[in-house]
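Both complexes below contain subunit A, partnered by subunit B and then by subunit C.
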Partner chain A sequence: MNTSAFVAGNGWLYRFDPRAKILLMVLLCIFFFLPITLLGLFLSVLLVIAVGWRNTGTKNIKGVFLSIAPMLLFMLLFSPFNVRSGEPLWRIGAVTIITVEGALQALRLACRFIGITYVCTLLFATTVMGEIMLALRFWRLPYKAALVVTLSFTYIPFIAESFSQIAESHRLREAALEERKNYIQRLKDLVPTLTSVLVVALRSIPNLAMSLEMRGLGRSERRTSYRSLDSYTRLFTDFVISITIVTMLWLIFKA
Partner chain B sequence: MQHNKNALKIAVTAVLTAVVVVFTMIVRIPTAKGYLNLCDVAICFIAFTFGPTSAFIAAGLGTALADLISGYAQWAPISFAVHGLEGLLIALIVRSRNGSEASIVKKILAGIVCMATVSLGYFALSALFISTVAVAAAEIPGNLAQSAVGFVLGLGVSSAVKRAYPPVRSLSW
Partner chain C sequence: MAHALTINNLRFSYLSYQERSNEPLFCDLSLSIEEGERVLLLAPFDMGKTTLAKIIGGVCPKYFPGTMTGSITLFGTDLSTVEPWQLLTEVGYVSQNPAEQFIATTVEEEIAFPLESLGLSRAEMRERIATVLEAWGLAHLGDANESELSGGERKRVLLAIQQALSPRLWLLDEPFDDLDPVWRVRLKETILAGGKTTLVLASRYLADFADLFDRVLLLDERRIVALPLRESLSRFSTLCGDDKPSPLLDQTIEDQRRTTLSAGALAVERKRRSTTSTPPFEMTVDSFALESGELVTLTGANGSGKSSFSRLLCGLDEPKRGVIAIDGKRQSTKELNRSVGYLFQNPDLQIFLPTVEEELSWSLRRRRELSSSEIAERVGFAADLFALDLGDTPTTMSYPKRKALQAAVYYLLDRPFYILDELDSALTYHSALSIMASLRQRGSGILLITHDRLFAAKVEGRAYTIEAGRLIER
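Up next, the complex of A and B:
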């Protein structure tokens, strides 16, 4: 099981400070909801995709698009019918099926959805999880919350591996019966597997709690601390770039 | 198991969050706007066994992290809100002061609340922020089925875990 969305690369987005990248992501998501022209929205989304393609490659951009393609199709097929006002685009007899406004609204929603998806995905594709956590700490994420997320990431592979092994051994015990089972029986058979996985996971809690105590959690004199993001030396410049990009887009494309 | 309370709380929350992530990611049935999964099993188990605070944090954080890892980052805030609320409400309904088993009426009510929270929560938030009313409505049956199956399995798993690993009661806070 893959526990990271990071795609290795060395484009400029990878060198962009994660703290500024989070700000840029939030600002762009807000920008997509602002009153801007449809052409402006379309071009902004195209720009985000182009930046993503330049930094993370065709495979990643294609993969993201394929993951949202079914929903986009739904959106483009059904959204136009919701808007009844405006000039008719398609009529059958006296009944208006789709209006121009409806079609434009569907396009706007689809563009916004693609934009938000790529903006969010690019943050995680170009930044390793550890640096995202450090950047979130900079944005005042509480120490304990950051610790919980970091610890979770270390436990995900262990629990996933246990899940696979336990599921495999349960399946081997009943290999001959497997084909004859209906859907409900298969669901019922999941209970022992899930129970075993949970017990394995729960047994690790006391050890983890003890390790945290040993490392001085909750004491005034800390024995461990998070490393810093000092390797990124252009924090101020990247903040300025983030704010400038969104402000420029807003000034050019506002409706 | 006499641990520093803070260390235990963090350990419990971290491991339960990881459990929710794994349950969300390991079984996936693709749908129009994402995928159906077993996250509700883990959430119901946590709500029944560990109480409202653990359920809210682990359910919200776990599903949000699973969305981030799986490339559905745009759903992460919605998953955090909906599943966090789902865990919190179920735990509040089935919680008992003397540690006894919740009554059948409470369990049924928790099941209804679980299904309503997931289906209506995703419908409202995705219609408002990500897609449209029509597209969000198309996902209601899938979400209802997922949460119903998740609730029933979660109930079964919860009592099985309490029998198989009795110290689990000492881990809740």
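Up next, the complex of A and C:
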């Protein structure tokens, strides 16, 4: 009942120590909220996407973007209205609809959202789940908490895949003589699809609980690990690289 | 000899979410299995076979709420006093639906998970995992994700876990389903060599494996009965309706339309996203044809590409190269979507509305040329034909009923061609043949995908198979 976010590859991000990768992920997420120029934020996000594209390929990068596109659209459409002060950008009569500050704020929010999404998905796209578990435990996360994190990240692609399977099923159920659908009809069609996805997801919960317990989760023995991080021999170097990357970005782009 | 499993006067009924209470699945059901015994429990579909397996595994009613009375003892331990994780080395369960048991993201990690729970050393885990991957033909799929495996490969992963753990009781729910003949024989050999107590729950009697079992029992009228084998099989056949003549025999086709679905010089390629260690899956189809009213079977080993080929025929995927045509006219994927009905193996991916009536009328309501009364008439007819209650809620209906609903939906679409993927996997032969007959009634051509040679033999017609990545007519 799960789908992996991992995309097989052999780029440098795959060889980067998962423990350092987690540090880099956290530092980059913090960096996106530091006082940096909008251009700097934009270029940093572009850099993350370029690294992701080089390592995981166009299909993965495109897939991630499409999955956040609806939320991004809402963000860009509605957040500019929240900032009322500043130089007017669009006015209707005497009423200012959007200000320059509002538009810039929306762009900043969108860049942060895209950046955080890509940083997190790249961790899961370039590291197998067992190694993420070990890396999280290295950072002192208890086993069950690490398991919850990793299971949550397998649930997202599982739900996405269920959605695409159910959408395929709808395509096959279209009547042969059906008229061309308008946008309202398309939106209406989303409701049963989302309902089915919800049903599939809810149904999988007792099965997941059953499987975890039948596979011994909860036993009193000390749990061992099949995987190890021994093959990553440059932990210190990768830590230094992680900190250096974020420090350099901060020094170059600070406002 | 000591008892491995003892069940006394078990009664169980699922929690009802409707006004009326659910009928009990078992009434005073009793069963005793001795250590080392191999028992086959035959039960028609929807009679509580899987529920019984989950009760023995200690997860029902814990995660599947219901009312249960009676006692169960497993190797001398009262089951009500232990948690499922304490039974890890006592009972190993292989589900009828393998996908529901996967928790890890790669095959290797899936097998490793219970071994990690036992606290085994890494070296021992590596050795056990390598052995079972080799034994079940999964060595090249160690890094693969569950979503990239075929149904048979998923089943083999669960059997590999079973072998790696080697619990005292092997609890196998429809273990031969999804497996091709080679792996069915391997499973039989593994059970025989293992010498473990084995309870196989099945809804179909496979004569080829008769010598595997010490006893054959029957779940009949909510109890387990032990009859002489011949009587058991005769009664079982009656319960399943398989003693009735095939509805496909001497069937009169109403509409004599003549249409041909054909494919030529097709090539399919599918890359596995989660591993670079295995080459992409490839398959070629030199020539394929399916005519109106025709019954054609497609068989092939696990992972040979049956589903990939089906997805091309109904336009869900595009071929790498080649042409799919109807009456010689090349078809786009959208045209194929509307000409070839593909009944997925899992009906839950194709039904999604709150009532049977809404489900059946969903497509019809989108056709402006149909009046409300015409829609109601067609929906009512389909409901009668497939024995469905229009007020029922699909999500709470039994699996065979959901499968019938899935077929009824496609019946109303009136496609010229249908692909039925493992239709027989959770239905009696008679139910599956009845669905085929109904879909064929108006002249549709039917391509049936199955692993079951016995079922394929009941369907007279041409047969295709996939061997070494090539579709060939037998």
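Everything below uses one rule, namely that the second predicted complex is superposed on the first by the 168 of 255 C-alpha atoms of A that agree within 3 Å, B and C clash if a C-alpha of one lies under 4 Å from a C-alpha of the other, contacts with A are read in each partner's own complex, and residues count from 1 in each chain.
Definition applied: a residue touches a chain if its C-beta (ideal position, glycine included) is under 8 Å from a C-beta of that chain, and two chains touch if they have at least 3 such contacts.
As the structure is a computational prediction, the values presented were derived from the model and not from experiment.
Q: On the A-aligned overlay, A:Thr195 touches which partner chain: subunit B = first, subunit C = second, or both, or neither?
A: Both partners, subunit B and subunit C.
Q: Who does A:Val240 touch here: subunit B (first), subunit C (second), both, or neither?
A: neither
Q: Identify the partner contact of A:Val7: answer first if only subunit B is touched, second if only subunit C is, both if each is, neither if none is.
A: second
Q: Considering only touches as defined above, state whether A:Val128 meets subunit B (first), subunit C (second), both or neither.
A: The second partner, subunit C, only.
Q: Looking at the overlay, what does A:Glu174 touch: subunit B (first), subunit C (second), both, or neither?
A: In the superposed model, A:Glu174 contacts subunit C only, not subunit B.
Q: For A:Ile166 in the superposed arrangement: first (subunit B), second (subunit C), both or neither?
A: second
Q: Taking the superposition on A as described, I'd like to know which of subunit B and subunit C A:Leu217 touches: first, second, both or neither.
A: In the superposition, A:Leu217 touches subunit B and subunit C alike.
Q: Looking at the overlay, what does A:Gly63 touch: subunit B (first), subunit C (second), both, or neither?
A: In the superposed model, A:Gly63 contacts subunit B only, not subunit C.
Q: First (subunit B), second (subunit C), both or neither: which does A:Leu208 touch?
A: both
Q: Take the contacts of subunit A with subunit B and those with subunit C, and give the residues found in both.
A: The overlap between the subunit B and subunit C interfaces on subunit A comprises residues 1-4, 151, 192, 195-196, 199, 203-204, 206, 208-210, 212-213, 217-218.
Q: What residues on subunit A touch subunit C, complex-wise?
A: 1-4, 6-10, 128-130, 151, 154, 161-162, 165-166, 168-169, 171-179, 192-193, 195-196, 199-200, 203-204, 206-219, 221-228
Q: Give every residue of subunit C touching subunit A within the complex, in rising order.
A: Within the complex, subunit C contacts subunit A at residues 54, 57-59, 63-64, 83-88, 93, 99-106, 108-109, 112-122, 125-126, 129, 143, 145-147, 272-277, 314, 316, 337-339, 341-342, 344, 348-353, 362-364, 366-369, 395, 409-410, 413-415.
Q: Within the complex, which stretch of subunit B touches subunit A?
A: Those in contact with subunit A are residues 1, 3-4, 6-8, 10-19, 21-23, 25-26, 30-34, 38, 41, 45, 57, 61-62, 65, 68-74, 76, 130-135, 138, 149, 153, 156-157, 160-161, 164-165, 167-168, 171.
Q: Touching subunit B in the complex: which residues of subunit A?
A: Residues of subunit A touching subunit B: 1-5, 63-64, 67, 70-71, 73-75, 78-79, 81-82, 106, 109, 113, 116-117, 120-121, 123-124, 144, 147-149, 151-153, 155-156, 158-160, 163-164, 187, 190-192, 194-199, 201-206, 208-210, 212-213, 217-218.
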